[in-house]
Amino acid sequence: MTVLLDLLSWVALLLGSFFLIVGSVGLLRFPDFFTRMHAAGVTDSLGAGLILFGLMFQVDGQWIVLFKLLSILFFIWLTSPASSHALAKAALHHNQQPLLGDEVRNRKQAANE
Amino acid sequence: MLSQLPILQVILPLMAAPLCLIVREPRLVWLFSLLTSALTLGISILLLQQVLHEGTLSYALGGWQPPWGIEYRIDPLNAFVLLLVSLLSFVVLLAAHTSITREIAPEKQTYFYMAFLLCMAGFLGIVATGDAFNVFVFLEISALATYTLIALGSDRRALWASYQYLIMGTIGATFILIGIGLMYMMTGTLNMHDLAQRLPAVAGTRTLFTAFAFFIVGVCLKLALFPLHLWLPNAYAYAPSIVSAFLAATATKVAIYLLLRFIFTVFGVEFSLNHLPLQTILMALGLAGVFMASIVAIYQQNMKRLFAYSSVAQIGYMILGFSFGSVTGLMATLLHLFNHALMKGALFLALAGIFYRLGSVDLDKMQGLAKRMPYSMAAIVIGGISLIGVPLTVGFVSKWYLVLAALESGWWPLALLVLAGSLLALVYVWRFVETVYFQPLSEANSQVKEAPLGILLPTWLLVVANVYFGIDTQLTVGVAQIAAHSLFGSAS
Amino acid sequence: MSYLLQYNYWIVMVLMMIGFYIVISHGNLVKKLLGLSIFQTSVFILYISMGKVEGGTAPILDEGIVLYSNPLPHVLILTAIVVGIATTALGLALVVRISESYGSIEEDDIQKMDNEQC
Amino acid sequence: MTIEFLVDIVLLGLLALTAIAIHKTRDLFASIMLTGIYSLLSALFFIVMDAVDVAFTEAAVGAGISTLLMLSCMPLVKKQEQPSRHHRPLGLVVVTLTGALLIYGTMDMPPFGSVDDPIQQHVAPRYLHQSMDEVGLPNVVTSVLASYRGFDTFGETVVILTAGIGVLALLGFRRSRAQEMQHRVPAMQQHMILRIISKLLIPPILIFAFYVQFHGDFGPGGGFQAGAIFAAAIILYTMLFGLSTARQVFRERYIHLLAAVGVLIYGAVGIASMLAGKNFLDYDALAANPLTGQHVGILLVELGVGITVAAVMIIIFYTFSGRLDKDDHKEPES
Amino acid sequence: MGISMFSVTTVAILVSMILAITRAFLGPSLYDRVLAINVLGTKTVLLIAVLGFLMGRPEFLDIALLYALINFISIIGLMRFFEYSSSRQEEK
């Protein structure tokens, strides 16, 4: 039983870590605000979720810890999309336009030259 | 109940402040604050008597014996400074009601009294406590209350002065925090008495040297020692008059107390004055303060600013006194602590009366004013004479001991310099006398009346004290002597 | 060699000095307050570092744990944090009033206006 | 070296980078955000250093309330700070000297993290080994905070009150404008989703605040943290539904009273123990059994702290937004 | 084995924090910074949770919960600032 739980933890934590790093790389490398936002979303939903799930397999009978982990997860999943939504809306209102198609390529070329 | 006196001294004003928020009505709040400060004064008198009879008192807060709990430790020095603070607060508060009607909007007056009580409680707490970290907490109570009090001034420059003081004061407090932290790191204790016993073991370490330097610089920022005094003139000049009187009489005195307590009791004379070049540095800075500030004071038009610079100069004298490292020098400092509080209290209260009538304290608006406000002007003249150090005033007593201390240590040129400093004071006091007594009354001032009784009475109370303690020196000199001996006693 | 182990303190000292430098080198009143809060926070870090015991754990007693970190610095810093926020709040209130009556929150401007007024 | 060492180094490095970035950037809004990050990172560092209670407070007060206060001042501020007109070499000299002195001071410091340091020897062991018998709480920090050094905490509560008084005395007036805005449309009307989410969240936050308040004896938490969290919930409400609505729910007059009441509760506990014949704040006197007395005393005292902290934080935020919310009357943008 | 899995996660979170904080330093727009802070907040929550398990005292999760909460409230505070600046622009 413990071995199975440990295995599940391993998988969840590693996958979560992977998504975290992928999301962060995206946050750093993507060309404009809206694509970065997309990358950030990966961190908040999948990364956080998987890591917290991984921890939940390790609570070892302390139900209060499980409850706290669950409430953190609930909290993140509730607030993170809400604030992303508000942020995107504010950005749009303030004339932040997403880069489309050719613009991305043009900008990249400009950066390379 | 007598054994509870040390703590009552501090928590009485501390608890009275939030009660003011419930009372609200400014006039009632004033009476209530006055009652509180009268009780505080009574307690401090009882405490001084108790200490003089029974020796040092120790009060364990929360019933935890030091060093695990916080201790209040009252020896003659604390009791002396406690009396000074509560006495001056009481007298200043007497005049507050009349004075602030002209300077502070009615809806802010309740907050003024609360801040006043909190500030006073903060000062008393700093003085009474025997715990290094507790000092920091009460320092911040008094500091935050002081910033508020200064910012209540009607001129917009009061805000700027308060902000500058906030930055400087917080830097000072943080330096003190660093100093306390490093001391704690080296000894594992925060109790001052305990520190004093454990510090000699680590006296040679570089860490302790750093701790000492940070603590001293932090306190010197708070007490406006010469090159660190830049915040003080503006703060005193633009604060409400009553606040200037209160701060000039108490704030720097408490900081000096803190310096004395740490240099003499905690670090010990041996470490602070003899091992380190601190003695020379303090002496040089003290003298520089006396001369630079006095010279700047001569050129001031605003009387509050003038006396603020004079305060910086007087702080120089106090620093000079104990930097001799002798009992007489320390006595001079302690006497000047008390005497300067009396002088500056009287002077600033008289200025409050003038501000009440004129709406300004600029010298060029006071031409010939002695004819219209004879009592206020006479008060300033007597205060000024005391500042110069003419015999039969308190100023003479402290200067006398200062000169004695200088001669005793063989530094006779210093004695001459002290006298030269007095001449500078004579110059700026004379400028005032000349304007007020010998110039014709200006048109604008022809209808001005004498300051209201509510301010005049407390002013004259202090003026009389100035003369009384100048003639009957037994009480002050006696207490100062005991306190000075106790500081040296605890150091050895 | 033993000096090298003090890396923790060294970085803390650097942090403190950056905060201190922000306070004295910037003319913007809000920025000065930010610098002050960084300076203070760094001092808190110094205190907390002092209390740490290698291999110790948080000073909340539990069965089967022998080594705890020192609780006293934690208590002191709890107090100091609250003092810090109190100072910041009051400082901000002053900045608001200054900006209302001077129309600027730059030290240079304010100093100039004061000099003109004198 | 261990993983904790790695975390330690990385956090300190990030802290230093953040501090430098704050110095470099001229954008004030960005500086405030970076200061928030600085607080966040330092709180993380506190956890690594085992100071969970401090981390809790730093997170709630430093990263939370402090940042919010700074932000509420932003409407006043020009977005960019002016470059200083004169170079300040003196500042650099002072800082270099101070820094050199500090580094000099580290030369003789007891080794970092060692059990044999003087700091671990003298006073602290008693707290760790005997507080269970003398005070009876598992959280030693709470025991020391509320009992051994209860007077410091009393002083600290008064500091908070003083700040509240100061802010009120400076900004608490100009009522006419505030009344004028009474019936205007509150801010952030257009953020429907945020408002619904927040409505959903505020009750759990308040419950969490109570949990932190009363669980402080056993885990990280206590009066300060609970007060700050409670205030944060109210501030959240105020930000989303507008000051005038919030003022109707939580009346200013009562909050002012509560700020005073918190300090008075704390002081009253002390005076009660004096009346019972012991010293100020000696909770042993509060009940026949000293341990029960300590429990009762600490409970009441923490309650007083919580009330004052929450009340003052709310007062400060109300006062700032009352002064600055010039946009309170903005019509929603569709 | 139990310990090492938390260590690996800790390192991963640290790396991703460094990446996110770089974005917060670089900007370029304020929205990018706010976004980075939001992400950083989430990562801090995770790091605290994992550190709790790593140090063997998972009961300190309260702090992580508080962080999640404070993070959300700060973001709302930032949004409110955008509102101010937008109305200010419109006035001009």
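Note that the chains take the letters A, B, C, D and E in the order they are written out, and that residue 1 is the start of every chain.
Here is the rule we go by: contacts are C-beta pairs under 8 Å (C-beta built on N, C-alpha and C of every residue); 3 or more make two chains touch, one makes a residue touch a chain.
The structure presented is a predicted model; accordingly, all values stated were derived computationally and were not measured.
Between the contact lists of chain A and chain B, the overlap consists of D. Touching chain A and chain C together: D, E. The largest tally of C-beta contacts between two chains is found for C-D.
In terms of the distance between Cα centroids, chain B is separated most widely from A. The geometric centre of chain A is 29 Å away from that of chain D, both derived from CA atoms. With each centre defined as the average position of its C-alpha atoms, the distance from chain C to chain E rounds to 21 Å. Annotation: 13 Å between the Cα-based centres of chain C and chain D. Residue positions 52, 102, 106-107, 109, 117, 119-120, 123-124, 127, 149, 152, 155-156, 159, 162-163, 166, 170, 191, 194, 201, 219-220 of chain D are each in touch with at least two other chains. For chain B, the set of residues touching two or more other chains reads 133, 137, 140, 144, 147-148, 151, 178, 184-185, 190. Residue positions of chain E with contacts to 2 or more other chains are 17, 34, 55, 59-60, 62, 65, 69, 72, 76, 79, 83, 85. Pairwise, the chains that make contact are A-D, A-E, B-C, B-D, C-D, C-E, D-E.
Across the complex, chain E is touched by residues 3-4, 6-7, 10, 14, 17-18, 21, 27, 29-30, 33-34, 36-37, 40, 43-44, 47-48, 52, 55-56, 59-60, 63-64, 67-68, 71-72, 74-75, 79, 187-188, 191, 194, 198, 201, 205, 208, 211-212, 215, 219-221, 225, 229, 232, 235-236, 239-240, 327, 330 of chain D. Partner chain C is touched in their complex by these residues of chain D: 8-9, 12-13, 15-16, 19-20, 22-23, 28, 31-32, 35, 38-39, 42, 45-46, 49-54, 57-58, 61-62, 65-66, 69-70, 73, 76-78, 81-82, 84-86, 88, 91-92, 94-95, 98-99, 102-103, 106-107, 109, 111-115, 117, 119-120, 123-124, 127-128, 131-132, 138-141, 144-145, 149, 152-153, 155-156, 159-160, 162-163, 166-167, 170-171, 218-220, 224, 309, 316, 319-320, 323-324.
Residues 7, 10-11, 14, 17-18, 21, 24-25, 27, 30, 33-34, 37, 40-41, 44, 47-48, 51, 54-55, 59-60, 62-63, 65-67, 69-70, 72-74, 76-81, 83-85, 87-88 of chain E are the ones that touch chain D when the two sit in their complex.
Taken in their complex, chain A has these residues touching chain D: 71, 75, 78-79, 82-83, 85-86, 89, 93. Chain D makes touch with chain A in their complex at residues 191, 193-194, 197, 200-201, 204, 333.
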